[in-house]
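Chain nomenclature is as follows: A, B, C and D, assigned in order of appearance, with residue numbering initiated at 1 for each chain independently.
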């Protein structure tokens, strides 16, 4: 059994972790922290966990996190780099679902997250938690920075093309759409139901924190700095995310086959047959990324549709996938949930 | 022209007032206050009003409210009783959309709203703003306490029956359902999209502030204290409210005809034909209450379906209706909007 | 392993059965029929099942249903009574999710479903599939008529009270609300998105097919014919159902304790603590019924809030629970899914 | 007064026309046809029109359409070209909201709509009903083909740039998103609530009928055939549409100013200030197109956000705007509705 701690379990990635770990055959939930809700049974906040999870929230001090094998940070940015070093020294492996270990360049981190990075050592050794790309490194990792949800869709949607050098890396466009849970569980006016229901809009058009993260990784694949336009939109739904990605072809290839080969054997990536259109509900609550490759009117532009559940493959599910890897467990353990349809 | 001031225009009743008054042939919007947003153009907060309303929010001090003919309070409870007396002395008529002038008994006000009443004189002279019931008094009113949204549905649904003494007033049940905008425009966790969408629940089951208000008015109609169970539910939709009301018959009558007679000529009450079922969208944005009278399986219980838009007939629309009355204008002026379907 | 056939798998109860059975440790999906979609891979219709279910739809003739241990009917009314007798003679146990084996009186069946009953023998031996009430009989059953979704909520919400003879059985009210998936997967105008979203309404007020079913069972509990008003409402959400039930107290008791005792040890019934309010999302995709008992203002009326997922505890999940019972498996096997929140 | 006939009033463009025309000061609704619903009061189908519209549906034969001044076709494709010639000969002006008069090339019409064009004379004289572009011609038109909803957003979003020859016309991308009402009021499985709610997907990726229409008009503006990728997506909301348009800059300019100048004085086009993001609800039920011009990261690609209500500026509202023009009325008459927020 892997002994698990969760720091900051009152948000949506927190409850999604709980939902998955509560049914994971090898996970033993030992502690979950929340300064604010300390003492409250988790199931009082999330009644869906009544009679399933009998933990109470504790303060980070009360929780004996150092005795855990793995600690997840489902916290705001900045917490993992604060608490992480001591845990790692104590032999704990840490998985951060926030942004502390995503951007390799600490200056970029400071620019986008408005704080100094406090754990440069950990940052340097941290592995970027996208298993389909960093599987080998993750198996040996002590510190993992999990990708953002948007970055997961865009990277999985572009990697085979950039690897194969068949598209123009200087003019990539990702027109991305997310359900509202991606914005987190926060008491903010612009997140309330009556503001968002039956409504649609772009946001973050002047610059979104996921942009540098995506650009960093795509540039690694391309072997050259990429040019990327990334436009997020807010969809009136709870879960689900799609990136509609446009790239100019520079070299002909069998693009469908390229993807099928690249992701052959991947348990959580589904390259759909030609002509397909994935919908977000088909991955609701599932740790799956569905991809469809299109070439509109046979022209020189490829269009990739990349769909995930932002809380599962886009956050907590992918984090459990990483936990399996770093704990020597089968990568798919505890992640066989089927998309909830309808 | 009626010169209008609005105190507290940043909530949903505020913007609904603006939407209606901006197209009202005899309303001249002179001032709208918000301490917090002072200086901001109203249309910056609500882009739907771009090129329609060019007012800016001002502080209550800057706004020359005393020069207005009518001032609406679209504020939290307690503001109207604070600012009202001075305005009334200056000859301004005030219409409060909050609860300051709803409950006739100041002790009840204190019990439910946790504050002392500061304007007992105004409370005493205040007229309850349900035009279909208090039309004559409203024409001469200087101070009006507008009904809550739930109370509007329940009163209009029960008055003809209580007046006619044909039902048991001691065991009334209103199982009521509201869209989320009824909870207001507030940055609260339990109002955010991801908590409420695709979800349904009761709330306020241990006691809701609209209960004493409804009971007060129903008791007036019945001529005796009523017994009322009132259960509000939250529906994942923006606007719309239905009360499903159950009452035991004590005396036979032609109940359909009773309603048709009671509301004959009422411009904003639509007694539907026997067997009908109103839906909330049919009154979306319209100042209409639709009623349907049913007698399930021909038994001894009546069921009344009473449907409004909580922001229109349940708040701002009804307030404009009252403004028309107290200003000597045709009651329906500016209120001919048709339900937005689909 | 239990060899399973599903007749009529293209509706919502069909896909919910597939979702549950695909992960059931002892279920072997052998055949799924659809005359219309014969030959189509199930996963082409429901991409959420890609790489999970590799069955194709077959015609009832092709499917070797007689070799199955258990056959589920997720069909329109009338199919199970048609095909059932031959299967039962062949030793197959059948579980009908439609109405063929719900109403004990064939005349009632004909009245409400507009067809003659064709399998009176099976009807007579059929057990009503509510495990919390008929567990012993179900373990030996060959033919099971699964309860409707509304009936599940109302029966579980009233049984302890009727058993204990503490309420007036002649004036029961169930004000019930359902998500749209309860209406099935049908190409009907009144089910399309733009008709139902952001909208709320009652329906079936002149008589709903679940009424006689509920009344039949409640009368059994009460030992006397009950009087029941049952008002269904349509909520703009996909899954989820609540019955808000009102009953007049005839004898004092500790009602909370009454429920806790009645459902002690029940794995799928959660009697919440006093003062609680269940929400439908807490059971989204889970085989749980959550109950809360209230006594508004301490008066003489009880209010029970009874919440399920209409497709899970209200249909397919409960059917799998029954399958476990009639197959000698642990009742909870394959049913440990946690409500998907948010 | 303009005497109005509507052919085919049972769909969403039909009821939107009724909503607008019922309050239009110079419109006299004379007839509305529906073969299927002939004899039924319009308000029975759409209760939002109770006590507002007292017409009944009639058959086209009963309706004396030739005596009308203007006849709207809110019908499936092919009806206007069938009935139009006789009406035009009788002196009636016709406005088709379907596709019969959109594509100038009858071969293209046949290719995309799978029928021969039957009224080539009318097609030739028909004016394309986008007032901001064809105002002068529309004032004299007898036959108008109204633009589709998507084409309205894309054309208004690209015309100033193509006119000014500042972007590359060969690689335009419109990533477009629509509410569900754009698909019409049809009993189709893929339109039902439980299939679309809380879900998001692309559709029509292999070719959408609006593509040739958009390309035809953009090519006119550009003076050269354009290359266009047009990807429609379905958003779980009723009304509202956004096109997120990407174009490569070929010549520097003050793009914000370009748009402001191009649309100066336009009553229904709102070029928002730099940095703005329009949301669809701000135009819910309003005849407005809101545009925002962005240049992501100061690169060589422009992004234009173009937002309308697909039923109003995208269909019925724009058709009334055209009716005003061809009838010599003020263009804005009857179209001053404000976006319904929230």
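FYI, contacts are C-beta pairs under 8 Å (C-beta built on N, C-alpha and C of every residue); 3 or more make two chains touch, one makes a residue touch a chain.
Here the structure is a predicted model, which means the values were calculated and not measured.
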| item | value |
| --- | --- |
| Centroid comparison with subunit B (C-alpha atoms), farthest chain | A |
| Same-site or different-site touching of subunit A by its copy subunit D, using the half cut | same |
| Between A-B and B-C, the pair with more C-beta contacts | B-C |
| Geometric centre distance via CA averages, subunit C-subunit A, whole Å | 36 |
| CA centroid of subunit B to CA centroid of subunit C, Å | 39 |
| Geometric centre distance via CA averages, subunit B-subunit A, whole Å | 45 |
| Multi-partner residues of subunit B (at least 2 other chains) | 12, 179, 181, 185, 194-195, 197-198, 236-239, 278-279, 281, 284, 342 |
| Subunit A contact footprint on subunit C (complex, rising order) | 12, 15, 19, 22-23, 46-52, 181, 185, 197-198, 238-239, 270, 272, 276, 278-279, 281-286, 290, 311, 336-342 |
| Of all residues in subunit A, those that touch subunit D in their complex | 171, 173, 175, 177, 179, 194-195, 197-203, 205-207, 227, 229-231, 233, 235-240, 242, 244, 246, 248, 275, 277-281, 284, 294, 296-297, 299, 301, 303, 305, 342 |
| Subunit D residues within the subunit C interface of the complex | 12, 179-181, 185-189, 191-198, 236-238 |
